[in-house]
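Okay, so chain A shows up in both of these, paired with chain B first and chain C after.
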Partner chain A sequence: MDKQSTASEFQGMLEARGVSRRSFMKLCGTLAIMAGLGEAAAPRVAQALEESVIGASQGDLYPVIWIEGASCTGCTEAFAQIDAPDAAAVVLELISLNYSETLSAAAGHSMEKAKEQTIEAGNYILVYEGAVLNGWNGNALRVAGKTGNEHLIEAAEKATAVVALGSCAVNGGWMAAAPNASNATGVQAFLKEQGINVPIINIPGCPPNPEWLCAVLIQYLLLGELPELNAENKPTQIFGQTIHDNCQRRGHFENGEFVYQFGSPEEAKGYCLYPLGCRGPQTKANCGVVRYNHRRSWCVEAGAPCIGCCEANPNNPGQNWIEVNTPFFKRHRDLNIGDFKFQPGTIAAAVLGIEAVALVIHGFGMKAAGRVPNGAEFEKKRAWDAKHPEKSIGVYDDAPKSDAKKGGDE
Partner chain B sequence: MAHLAHYREAHPAPFRFTHWVNLVSMVILIVTGFAIHFPYWPEFMGIARGLHIAFGFVLFINCLLRVVLAFIVKSAPTAGTREVVPDYKTWLPQADNLHQGPQWIKYYLFLKKDHPLSAKLGVPQKISYLCIPVLIIFMFFTGLCLWPPCANMPLFEAAINGLGGAMSVRIIHYFMMFVFIAFTLLHAYLANIEGLAPSMLMFFGKEHGGLTYDIEKHNISGKDDLAH
Partner chain C sequence: MTRSVIDPITRIEGHLRAEMEVTDGVVTDAWISGGCFRGMELVVRDRTPEDAAYIVQRICGVCPVSHMHSASIAAEQALGITIPNNARIIRNLIEGAQFLHSNILWLYNLAGLDYVNPLNALGADAADAYDLAAELGTPSADFVGLQDRLKKFADNGQLSIFSGNWFDTGEYNMTPEADLILTAHYLEALQMQSKASEIAALLGGKMPHIMTIVPGGTAFVPTAEKLDDLKGLVDEVYQWVADTMIPDTLAIAKFYPEATTFGKGIGRYAAWGVFESPFDEGTSYADRMRNRYLPAGVLDENFNISDPDESKITEYVGHSWYEGDADLPPFEQDTKPAFTEYDVNDRYTWDKCPLYDGKSLETGSFARVLVAYKRGVPFVKQHVDEMLVALGAQAGDLSVLQNTLGRTAARQVETLYIATLMKEWVNELCEAIKSGDSEYFRAPEKSDGEGTAFWEAPRGALYHSEKVKGGKITDYQIIIPSTWNLSPHDPKGNYGPLEQALIGVPVADVEKPINALRTVHSFDPCTACAVHIVEPKTGKKFETVTSPWGVK
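Showing the complex of A and B:
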């Protein structure tokens, strides 16, 4: 009875907004697929929607705080482009975005107050965009009289979960790339250092696909569960396979059809971008499946080799996507000793060349010393044996025959 | 008459076989490896990847086989003798090797005129040969890290992260190949600079007369011109 009454009340709500039951179920199906559950889970999503966020029985939307760290705001910009559900629907109907430097209409003291109240009440999700700056004691991100790091600590301590959005938030990204003047780090490393134990969901990318954040929010808000995470706390569903695995140009890779130069006829044919340094084979993300900009296209489809922006290991600041992947158009990253940068192939070929030259010179030396082709004479006695006759290794009492004095290396 | 005599007992047939397999596999792996690193010859890419994986396994299995055979097959502990001992003993430090390391280095740096007495393997050779199986196994492991069917397994995933990510593994794998090439250059140089007899024996089992060596007295004992 209770359930039926809820349903009818909910249906009334939908009708008041001009939404038919049919289109509502369609939305549920879409959401279920985005959360990686498959269309069959649509009724589960529908029930969750009825009983939670949109349901009149509770009324309150789930609070989210979105803090900008050292970011370019690109992750927010990307999120603002989402269309199904669109950004407005997410912000107004799925969540209650209580604080966001970029998206909130309000500003100043009232915003800070709203954030404080949300934190005090607890049970919210913190989305942190951009790197954490340890340099200058966090003063580079000072807002409302507190350092950026204090804001993060405060907000993370009481959060139900922290979403580290974008590669900068995951392990420092651009900010932490050499020379890392601001001593930037990622959210997970920073919170661990601060001893704050809160579930962290890392969503790398530069920018991350907005649908990834949406999928995580939907799964968490509607079904009350964190997505399945891998060892790096990234959603397995999204970051479990390489770009190469699902690339639409993979057929050309298999055929041995490659683009060697931009603007070439091969590029016009849409061949594989591997020789131009494509990082698809070593970068894990489902870009080729989800695609960007309303699922119209994505980097590789648009003709740009993958630059591996999703490579970000929260446990290893060195596995930073800029460090690991530049120069983008070469197959290998640059290595460096101090300020001296070089490609692995160059140094390897140089060392090998030096060895070859050394051997040739040595060969002439061997010839000059009369050791080619017959070798030098064998020593009559080991030098050590001569010095330590009492512990001698060799037995030298019967001297070698006079015509058998020369020997060679085995 | 020069050199110690080269008898087949120094390199029995099973070891000549594994040496051939090593040589062929390494050449194929190096050529295909370059082709995979950058498709210089695009049509070859698919074939190169298949061959590279197949011969990676061949090299690894051959390496294991060689190590196992070292405990089963007997071989001469030095050139210049037909007496045999279990092969693994030749790999471990032998009495003949003791205190001879610096002498070898001095010999090759032209600081010592006469040839150091030694067992089958000179000290620098012995050290480098002991490193090769370790290198092959490490190479095989990093290769598996880069091979998609393995790359997602927890063990390899952890190893990739431990080594600094897929790019680092790729570069390590690449550098290790150069270590193989560098080793092979040095190996071929040292084996043949004082005559091709060692190669004729290793590749074709062709014996060569020369001085004989007494493995009890660790000294030259006479000569054998194979005139029998």
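Showing the complex of A and C:
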């Protein structure tokens, strides 16, 4: 075994790239939390990073094959936006990305050869992006003389683990939405059907946050363990709580302060997007914590309700995020009754409904009961409601609110 | 005579195959096969126009903004909405951020590796590299540190993304010092493309697949803090683009003069126009297209310009896997897939053959730059002329650029133009907000109609058209840039744009036809969305079919 790089060499490399010790430790903390180890494990992660793979001098990069199935390349694109370590560091100092249709220098048969050799050698992780297409007996997707599904089987059989990256890989994604023209499904369901037993890690999202993949890779490569997975093989630390649980606009929800129309003054105040159909309360992911694109922003912060792109049942392509969540800007739980699907048109009037009214009453109640004493300034009557009495979902009592218990906190 | 096949073609978006006949070391015949098979137009049927905007952008992870933008424009046309001025500016900024991201990524990280050999940089003398950078007028970097990093990478013995590379073809011309400089910029570009994406994320929530362009305007409302961040990011990306990209382009040109001798293509171009200038309800759509910062236009073989005319667009399917050999306007087709086999003498692709007045057109950044030049856009005219002079040609002689190198080079003029515009738009937005304009969204007042968006993705002319009834989409058609560029032979047997460009390309090694790859990348193909309307059909044999993903 050749010598490993020392911590000081590693530190030198980080410094050369403008990464301070402090931000490195911060990164380790984030990784430790996402890996489910808790922030206290940050020094352990730091030690693993410093002493092992990154910067090592002989054959220590972990081989990864990244296959694009029926994909839009969005997951690869998202990966290219990764924060720290950045994409170059990942492919030069963390993994040996031996096959990537978007990033590889090689082309044609040379590419396929690189993949074959990697499979032959074994001990690699397969990242699969895009849907698995069963249409035309799998021939809907062919690369280099074989069906896409044959490529998946070959690469999956010998893999240490398979990461199904993105909602399409988890269960077909939008391609599986009605009418599912290409007979799309997900990696887990397909491999099960093929009798291939390999550990699968499902990372949904459209696209999935690249930090999620990085956390999983680093946990496996450096600590030698797969993350804790839930019943759907999704990492529990990432997909254990709803968007709503950690939403930066949650306080406004509690206060009953809502955005009723895109681009409105209420949006400028950062009110809650629930009436516009936000799927935060039912979608499980830590988007609001990790954020996207160098942690610059995320959907809700930019004024867009969550459209539930992480919704993906790996055992049922029919339960894809499009089918479950459209129409995006309506609260629609009541609209899917059994097999009957009702899709209301138009964006013009945002949601009205019993649920929403109940929420506002709940919010008023919270305020009136003094449970949110230091919240945003409380309007007696929302400006928007006063202007649009016919669309208002607020229920107002004309009598002055002298009774602190009024409003129903029960 | 021998066949040379590249499959899969890498460093593009999607899957693509090029098959070429090579005679005496030169390509004499070519067939491009590609496409994908996901049924997008069918998925958005029976859904709302705003849902469609969110769903259709998933057709492509590289240019999602353009698809969402086009879907929103088509819905606005259908439902009679004129978006507020602030929304126009914000949408330009998001679109511009995507163009910058895409153009940077394409030049350095996708096409770049056809010219730059990072492993060769190991042999460079770092001190000489500083001198060379000064001579080329391109920024220096920590060349010593980079070499050290590359050495560690090389010593490790694993090639990662360079596995199976074609660097040994003897057709990589750059000196080790030049390779070192361009490798440094390859790594910087990876960061700068993500900075550009960060702008899209700031205004759109995340990138790829942004969240805030909606039919009627934007969901995003700027705050003072967001405007600060926006200005900082835009200035940073602008500065890097302005300092680095054109000098690097000229450096590549210096080492690869032979790339000016092939890859012309059909010599007819189309741009549908992108980045809206101010408009109001009274502005006709044709005027809007003409007035865009990168305007619309169709150029014939002699660079004569005309306004695009929707009625002249048809799609021919005689060489593609669809029933029959119709040549009809988008909504009049009833295209049903009908797989036969991969037969270059008959049908060999999922890609249809779009025609304009019976002829194929090249589209993309090069087409946009040529159209803008002929429309007299001052910035483009000035910088194209400067580039021509730097390449040793006469200002105004556009034919000098009609080749693989020219197509690759002209795009940087566009990148610089957009980076410059982004700075202007940030100021424009600040001024508009200061003047008290706080409108960002207008809801539709009707729920029936038909609308078409002519727009541009980074890869070229993009067409979305939809029919809406009762607030739901009844029919949706998309013609993607790569469908134009990758089209098969037309009804008269003429080559498609990329096929034509491959004819005459020198191939020294049929196993590693690097010049063909350079030519393919000069078009920046994006096949995931090039073919997209399909339904499953049972009972057909598929053994020998090249399918969407382009194979034998």
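Rule of thumb we're sticking to: the second predicted complex is superposed on the first by the 280 of 410 C-alpha atoms of A that agree within 3 Å, B and C clash if a C-alpha of one lies under 4 Å from a C-alpha of the other, contacts with A are read in each partner's own complex, and residues count from 1 in each chain.
Heads up, the rule we're going with is that contacts are C-beta pairs under 8 Å (C-beta built on N, C-alpha and C of every residue); 3 or more make two chains touch, one makes a residue touch a chain.
Quantities reported herein were computed from a predicted structural model and do not represent experimental measurements.
Chemist: Quick one: classify A:Ile307 as touching chain B (first), chain C (second), both or neither.
Modeler: In the superposed model, A:Ile307 contacts chain C only, not chain B.
Chemist: Chain A residues in contact: does chain B have more, or chain C?
Modeler: The larger set of chain A residues in touch belongs to C.
Chemist: Looking at the overlay, what does A:Ser182 touch: chain B (first), chain C (second), both, or neither?
Modeler: After superposing on A, A:Ser182 lies in contact with chain C but is clear of chain B.
Chemist: Name the contact category of A:Leu103: first (chain B only), second (chain C only), both, or neither.
Modeler: Once the two structures are laid over each other on A, A:Leu103 reaches chain C alone.
Chemist: Could you list which residues of chain A make contact with chain B in one structure and with chain C in the other?
Modeler: 344-345, 348
Chemist: What residues on chain B touch chain A, complex-wise?
Modeler: It is residues 1-4, 6, 10, 37-39, 42-46, 78-79, 95-96, 98-100, 103, 107-108, 110, 112-118, 120-122, 148, 152, 157-158, 161, 164-168, 170-171, 174-175, 178, 181-182, 185-186, 189-191, 193-195, 197-198, 210-211, 214, 216-223 of chain B that touch chain A.
Chemist: Looking at the complex, which residues from chain A come into contact with chain C?
Modeler: 5, 13, 16, 55-61, 63, 68, 70-78, 80-82, 86-88, 91-93, 95-111, 113-114, 118, 131, 133, 135-137, 139-146, 148, 173-175, 177-184, 206-207, 261-265, 267-268, 292-294, 296-304, 307, 309, 322, 326-329, 343-348
Chemist: Would you mind writing out the residues of chain A in touch with chain B in their complex?
Modeler: 231-232, 240-242, 245, 253-258, 274-275, 281-282, 311, 313, 315-316, 318-319, 324-325, 331-333, 335, 344-345, 348, 351-352, 355-356, 359, 362-363, 365-366, 369, 371-380, 382-385, 393-396, 400-401, 403-404, 406-410
Chemist: Report the residues of chain C in contact with chain A in the complex, numbered from low to high.
Modeler: 5-15, 36-39, 42-43, 46-51, 54-55, 58-62, 64, 84, 87, 105, 109-110, 113, 142, 145, 149, 152-153, 155-167, 187, 190-191, 193-194, 197-198, 200-209, 211-212, 214-221, 223, 229, 339, 438-441, 443-445, 447, 470-472, 511-512, 517, 528-529, 534-537, 540, 542, 545-552
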